[in-house]
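Order as written gives the chain letters A, B, C and D; numbering starts at 1 within each chain.
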């Protein structure tokens, strides 16, 4: 699971100082921004914005094959970014880090390239009921292309994986297990390490959706021994437009290309071509250069603050949020208790539509997400259409949870009258 | 072809004033940057950088489904960007504009989605010998998946398409013609309008690779009647990490999805899903939000300067470049004369490796590209392995061509001694 | 301006024409899959004139208030007039600014009503606008 | 520091050990597909010692000068010593800083020589470095 035990002698994170690193949190609008939607996208510290600006203002140029100063500088910075991001998740080699647009594209890359080459009718793909659509749709589409069958690990009412009977689901037919490390709705931290070992025992590969874990605690790909890990820059203080696919070298090397185009080739003839080595093989066309550089700056920033300190801070926010929200009448909180989860608290108030909760909260400056959170199978399991989710990150403060609490009471006063 | 006739009473473009819009061109390094590599990637005006900064610093948030102020603002700005970009190429509807990472991904999207659904063994895909790898590899891969055959339109020694005998190549078997509007190596402007009409006559669809045309002159998708148009933000004063696929609505609507994930769905069940309408169907996952907003700012900037003025300015630079470079002994210039082309001049000096030319030019501050320019079949046609390309854009000045010229003479002095 | 104006809350609390009709001439139902809001409209029509109508369903304040306001507006009108109603008319009735997400809520009732008046292919708010 | 140092140009102009051997013990050739540079190395070896060697091919100043310098360096050395040579050794011989593209030119000759000394899987400059 996540890096435990937490070092309790750790310096607590100074969220006031951290907020100073984010222009958006210092905004001078009439209402302060109480941003509780970091699970959707995180805010971007100024140092990340500045790293990208520096690219555009001083060495903007296409990378690879450019024989002049700024292109050499851009190429070096781009590849250095790959190194730093690789180190962040403890990848053995930078060539295991493939730049994509986001988690979604990373997962699709695996489903198209590895999936189409390795899956046949009769094979099975194992996912969980709590997957984000981005870790479900690519496998649905793959299953339609190949005839492989999708199977699901259920969850308990508390929102943790139902692992009794796993033997039935995880068998020699299972070719890949695709599962989220952390639920974007419930915050549940899944026991991926154990599941990876169990999957390897039956010869299955494992893709971990790290969109909600990599930003929040130390994820060590060698420690976990996962075959693939996908995550997004924009959820970890980085820019939009960049995501990562990590893969084991032997897998990446034998996988066929996905997108064809410039930079992914070794040599091109009219009818056929040979392909470059990884990572270039999977990076066709001009990459998101500024964004890779921005993501490396974000990684540096997170390292500077310290992932452990961030994790401890989020646990504190979560505990307080559970305590305050539990005081509210007619609230249903979904998912496990703090300590078994991270990052988010998801709930509904009896008789009030989640849209209206979010709408009323917006009037007091609180930004939360209301909807199905791209997790309809999970919503179906709980028999709801939508929920409200408040999610936290390093810059949030306990006082913001008070405002959330008061905003929810305001919504109740306004909207819980005598509606049928 | 391109918007003709040029209005000659047009105010000439003030390249000194324009250079002031680009921080990178005002840099205070010892050597001025003489940037002649805009065909690889263009420089980014400050207004584009600032538009993205404003997103990150004041309304950074995930779009769609967010019920709070900054998310509503981000959503509105993102969709407004789609509108403005659509208007730039005269698309009828914003929903015809699909955001991708770059030209390469746009073309792959069509090859995977439209291609896999429509091509069979015995069908043919028609491309030209001057395609960028990004408009060749996706079709090679498609042909390997489907058994459809790739055919090639040859070029003449002058570097224009060989259209006698087109009847042989363009037949009822042709399902799609994929061709570049402008060659990234030779600058040749292809007669796409005529070819589109001819393709439609035999029932073929046409994808135009607009990577080198959309930045340089007015491309009107309704006027051309192309079925698809692909282009990249980073070649038209926009940021990295964003590209566009334009498609005709009926085609886009009937195409199956490409990447699966969040935002591209209407409703998700465990085993299967229904998909959102275009453009959402093709935009899985969190998009490159800042980059879309940046690209819209670039489009506004190009509109402000005026595409016609840019085109006229580039023609002037090209004429002068041809004149000056033709003065050099032992030079071979590839491709057609100015007036039949745009943007770039490609050449070799007898006995000097293109890498060395680029290397020596770098010592005098001139940035050019040396290599196969991701167009190996074209290099093979000319029997060379690499060339040097100087390419121009709105911020270049005639004097810069003098420096290019002098740099080439310097290279000759240094390197043409008595090498075998 | 706040989307939780008293007027909206009144309609949400005490909706007009809430319920169903026994034997409607037209009945149409639709949901917004993104948020699960669902509205059904039952109409009684004589010579093209809507003589009676009821709506039911579930949803947020905006979608329910919009439905309530819309039923008040169109009662006694000809179906041809209903076909002419557009997004701006509905926003005028609501009298509040709506962000892109809530717009879909605000237009759900109109969509259902127009779809009832004749087959409709796409959301009123999503009719593909021309770029110019 | 300029990559067109006199020393580089001298080697480019008057390369040492340019040519081929009649009956080499080891002969290996490789190209850099990105720029078309091509180098062949012919070696005569006695008891593991390189007694004679020649290179030929075509390429840019950097790849040819590197080849020339490298042949001077390894003549008379044992193949085991050749196997130990790495990127930094080659860069030391060249004595100039190289950007990422020219690095491939600068390392081509070394790649060919080492591939000759024993099978090599990847470019010397591209040996996957550890991230830490």
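Just so we're on the same page, a contact is a pair of C-beta atoms (placed from the backbone, for glycine too) under 8 Å apart; a residue touches a chain by one contact, two chains touch by 3 or more.
Model, not experiment: these values are computed from the prediction.
Engineer: Taking each chain's centre as the mean of its CA atoms, how far is chain A from chain D in angstrom?
Structural biologist: Measuring from centre to centre gives 45 Å for this pair.
Engineer: Between chain A and chain B, tell me the centre distance in angstrom, where each centre is the average of that chain's C-alpha atoms.
Structural biologist: Centre-to-centre distance between chain A and chain B: 32 Å.
Engineer: Between chain C and chain D, what is the gap in Å from one C-alpha centre to the other?
Structural biologist: Each chain reduced to its C-alpha mean, chain C and chain D end up 77 Å apart.
Engineer: Counting only Cα atoms for the centres, state how far chain B is from chain D in Å.
Structural biologist: For chain B versus chain D, the centre distance works out to 38 Å.
Engineer: Residues of chain B that contact two or more other chains, please.
Structural biologist: 65-67, 69, 71, 267, 355, 359, 370-371
Engineer: Which positions in chain D are in touch with at least two other chains?
Structural biologist: 34, 101-102
Engineer: Given which chains touch which, is the overall layout a line, a ring, a star, complete, or other?
Structural biologist: Chain contacts: none of line, ring, star or complete; other.
Engineer: Which two-chain combinations qualify as touching?
Structural biologist: Applying the touch criterion to every chain pair yields A-B, A-C, A-D, B-C, B-D.
Engineer: Quick one: in the complex, what on chain C touches chain B?
Structural biologist: Interface residues on chain C, with respect to chain B: 33-34, 99-102, 122, 126, 128-132.
Engineer: Once bound in the complex, which stretches of chain A touch chain D?
Structural biologist: These residues of chain A touch chain D: 64-67, 69, 71-72, 75-76, 79, 83, 86-87, 90-95, 249, 266-267, 277.
Engineer: Which part of chain A faces chain B closely enough to touch in the complex?
Structural biologist: Interface residues on chain A, with respect to chain B: 23-24, 27, 33, 35, 37, 40-41, 43-44, 46, 48-49, 52-53, 56-62, 65-71, 101-105, 107-108, 111-112, 129, 132-141, 144, 150, 152, 232, 234, 239-243, 257, 259-265, 267-273, 284-291, 355, 358-359, 361-362, 366-371, 374, 376-377, 380.
Engineer: Write out the stretch or stretches of chain A touching chain C in their complex.
Structural biologist: Checking each residue of chain A against chain C gives 353-356, 359-360, 363, 370-372, 385-386, 414-415, 417-420.
Engineer: Which part of chain D faces chain B closely enough to touch in the complex?
Structural biologist: 2-4, 9, 12-13, 34-37, 59-62, 101-102, 105
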